[in-house]
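Working notes, structure below.
We call the chains A, B, C, D and E, going by the order they appear; numbering starts again at 1 in every chain.
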């Protein structure tokens, strides 16, 4: 495995760059960071819409979430890549498509996690806040979400980690991130697929593990600081 | 975009059947393993916690594809020759794929159930123990049934993902739905039609799972509500 | 100050409040008691519009609080509500809990809010717990924080829902002291409680509820010594067994 | 029946029980009271081995219950425990809650267990709630189910931890009636409670605890009218304020 | 039409796979896309007098990429079949892939027929199923993710033969460890003509591409490119055994 890393590390790290588009681990990280950065706020909006007292709003978002959760991500990316440009009438790069599809897909899953978290907060908390005269939004922002998000942090961690791993589906619309690079390397090395994918596994493990550990650390720190642990 | 001929749809239905079989077998496996993990973990012994944590972290942080390849190409090499060749004569792809998927999903399910467990007050366990129930009886009759109820929404999500993730096993030649779709696409180059049909089938399966899940959720909802 | 006229409320088929008539003038203290499920909590919750009503009218300070154009948030700022289960915000310190309304709702400056919060916490005897989180407080302490929080916005009216039922005898004493202080200062208060001692000492009137109706309104002495309604007589006999 | 000798317990650095000596003979009823945090719950939990102890010895029926070879599960079947917060199993019906120990722990036949459960539920007056889930019961009803559940395995000893503190006055009455019945039948009972009425009527002795120590043991009449220990005097004055 | 568009834009967008040595792959030293398909595209662009821009595509998306006009032409292992030709237009054949079976030497299998009833592996989506069913009606075909995985399955005796193009299989024969050698079965299962993929209804562009291929064949440029990737100096040491000619005439 070490020879493979020694021999092919530039390809695994940056893909064709600078002789071509950026790829490899660098691209994976960029897509993942963008995916995480946008899916969290979007999922919050979806979750809030889903529990909102406005009937049509919660109905529409519920159906949206249902459909998105029912489609394999690969297919979602594929359709986004070919159908969205037809709808909006101008072409969209594979990179943008991937990030958007990933954000929408993850947001749908994340929204369900967050919704469950919000619904698990005792209604007394909302009542306490509202009865002091605070608005719905203030109550959500200052009272409910800070508690709900912390409670579901473990599930959110799961979702974040899968966002990172699922960037690999970008290959289908030629976003040539880490898994694609590994496939290229595999094609060059030819007879050692287990070793090549072993390297791939180690890299993903390092990235994902760092994320899940930092989130756990954050979880413990917040709990400590709120004297809950 | 026009529709596919019956012959192709039939082929895809065959893939769908494989997908569903794979899903059911790996779900049952995943669920049993997850329950075992939860019970082990709940002992609060540090060795147990360490083992279960390692199991969960491995499966959570390594891509499923790699995990599937590992089970298909790596694991059987540890078996004696005769067992191996018997296995290869009997659809090894399918069984090894089910194992890989099942073990992977087990890690997530275990975490979901554990979250459900955290919602059960410790006093429930104490109440069972105070009546003379032993550790396993307390877990089996009192804690796990309640934890499962809390975990139902998370488990529905997990089932959906497992159903869709069965497609990863096409890398080792399991002829499931995506595999068949790719074959047909490659035979005809009618990409949109085939993938459209595949997407519709996945969606149908997913809706079925959501429907069953909602039923189970409703069935298990504990009546009585506010102070339970 | 508060006027309830023929207020009725249903949960589905089940009528929980039945033609409630009740008026409080400024500075008056009313204690509500009655058996479990008689609608006491529901009644005081309607005053704060935490429940919808299906009949009748409730006025606070002359405003119909169920009028659709009424700004419910500013209404609620005028009414402090203390819950039976405290409902403190567990992710905020004691100080932040008390400052919450001042800073976030009334948009006062941090400095001013802090001062006010400190003086309230001082008053309920919790100055040294200012940076603790609710999870680290005893029940009586939590209840006192809840009162301080409700008082922070200087509401002219306070509603209490069984503020002592979850406390042990010594803590009950602590909380009742604070409430007596408020009553003496002329706060308008509605209090659901079974603490006879408290009712005797501070209440202007005692309201006895049963099955969603007000069965008896009397001054405390009369009510405890010679209740008129047979249900109230039975209820009081049970209470006295203790 | 129960013998505690020099029992001590620490939570970390904090000593919660300090040289507790207490003996109960068969059929005796002891009430434990004392301020919050004094170690009352911890004390009765040690009798059921729900807590570990760091010093001393506890015997039930002559067996050292902290002996390592002791079968703790069969010990606990001999001791019924009723929790302050009931701790009913919310996913089982009332009947299943009461049958749980008989069917799943003692492995009795369904039929026999059912009969026994029904007769117990009849006794606590809940026959018509047999198929309800705990969430649909009022607090007093839940508490009575908890008692029936604890009685199902016919334990010779019952331990009660503040069985009425979460109830309203009327429900307190219901629960105390059942307990009085048990006492009359000769059940050995340890009960943490502040219900003076109950203590007066049924207790053979009252134990007053403070700061992890037994400060005073006396018969109820003496204790309530002329407590010896100054802390007990202060405590009782608080309780009487109510 | 497209020919004019390409010429006026001065750019030919060519889609290739990028993971298919020696047709289209990333060179590890220069980290640029190289290969036989790449050179063919360059050839076409040169003759059209325009620049070339490459786009790597997945197998799954290659046909829509073309039909949705994301690229002008694809050189991506496109074997001709009449069904496929309903979706895209094929240029003249620029490569003929001898589709062969590779077995473990110790299995002593020497003819295609011996394999009937045994398990055969292939890269999924390589039209293998149909081809092999014609010759080996009793065999089951397992499709793997890529050549390496199929190779591993063969070495681990999960399958008894690997089906693929001669060029692809040759490298496995050469790189297989000495203690478990592999060999190709002499006779090809069949010869698959590969064409460049072009959108339907672009006759001028198709004709221009075909003409370029024919001229390159005549001028020896085609042979030059072939030898660069498959000739005596390469691990494949293959002889060119096909002409550039209309596929439908085959």
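Keep in mind that, in the parts below, contacts are C-beta pairs under 8 Å (C-beta built on N, C-alpha and C of every residue); 3 or more make two chains touch, one makes a residue touch a chain.
Every value quoted in this text rests on a predicted model; they were computed, and no experiment measured them.
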Shortest path length from chain A to chain C (each step joins two touching chains): 1
Set of chains adjacent to chain A and to chain D: B, C
Set of chains adjacent to chain B and to chain C: A, D
Pair with more cross-chain C-beta pairs in contact, given B-E and A-B: A-B
Chain separated most widely from chain C, comparing mean CA positions: E
Centroid comparison with chain D (C-alpha atoms), farthest chain: E
Inter-chain centre distance, chain B versus chain D - centres from mean C-alpha coordinates, in Å: 45
Chain C-chain D separation of Cα centroids, rounded to whole Å: 33
Centroid spacing, where centroids are CA-atom means, of chain D and chain E in whole angstrom: 82
Between chain A and chain E, centroid-to-centroid distance (C-alpha), Å: 36
Residues of chain B touching at least two other chains: 69, 73, 192, 195
Set of chain C residues in contact with two or more other chains: none
Junction residues of chain E - those touching two or more other chains: 60-61, 64, 149, 152
Touching pairs among all chains present in the structure: A-B, A-C, A-E, B-D, B-E, C-D
Touch list for chain B against partner chain A, complex: 57-58, 60-66, 69-70, 73-74, 108, 111-112, 115, 119, 153-154, 157, 160, 164, 167, 178, 192, 195, 198-199, 202-203, 205-207, 210
Residues of chain D touching chain C in the complex: 35-37, 138-140, 165-166, 168-173, 176, 194-197, 235, 238-239, 241-242
Sites on chain E touched by chain A in the complex: 18-21, 25-26, 28, 30-33, 55-58, 60-61, 64, 68, 70, 146-149, 151-152, 171-172, 175-176
Residue ranges of chain C touching chain A (in the complex, touch as defined): 48, 50, 73-81, 83, 85, 87-91, 100-101, 104-105, 132-133, 135-136, 149-150, 153
Residue numbers on chain E that touch chain B, as the complex places them: 59-61, 63-64, 81, 83-84, 86-88, 119, 121, 124-127, 129-130, 142-145, 149, 152-153, 156-158
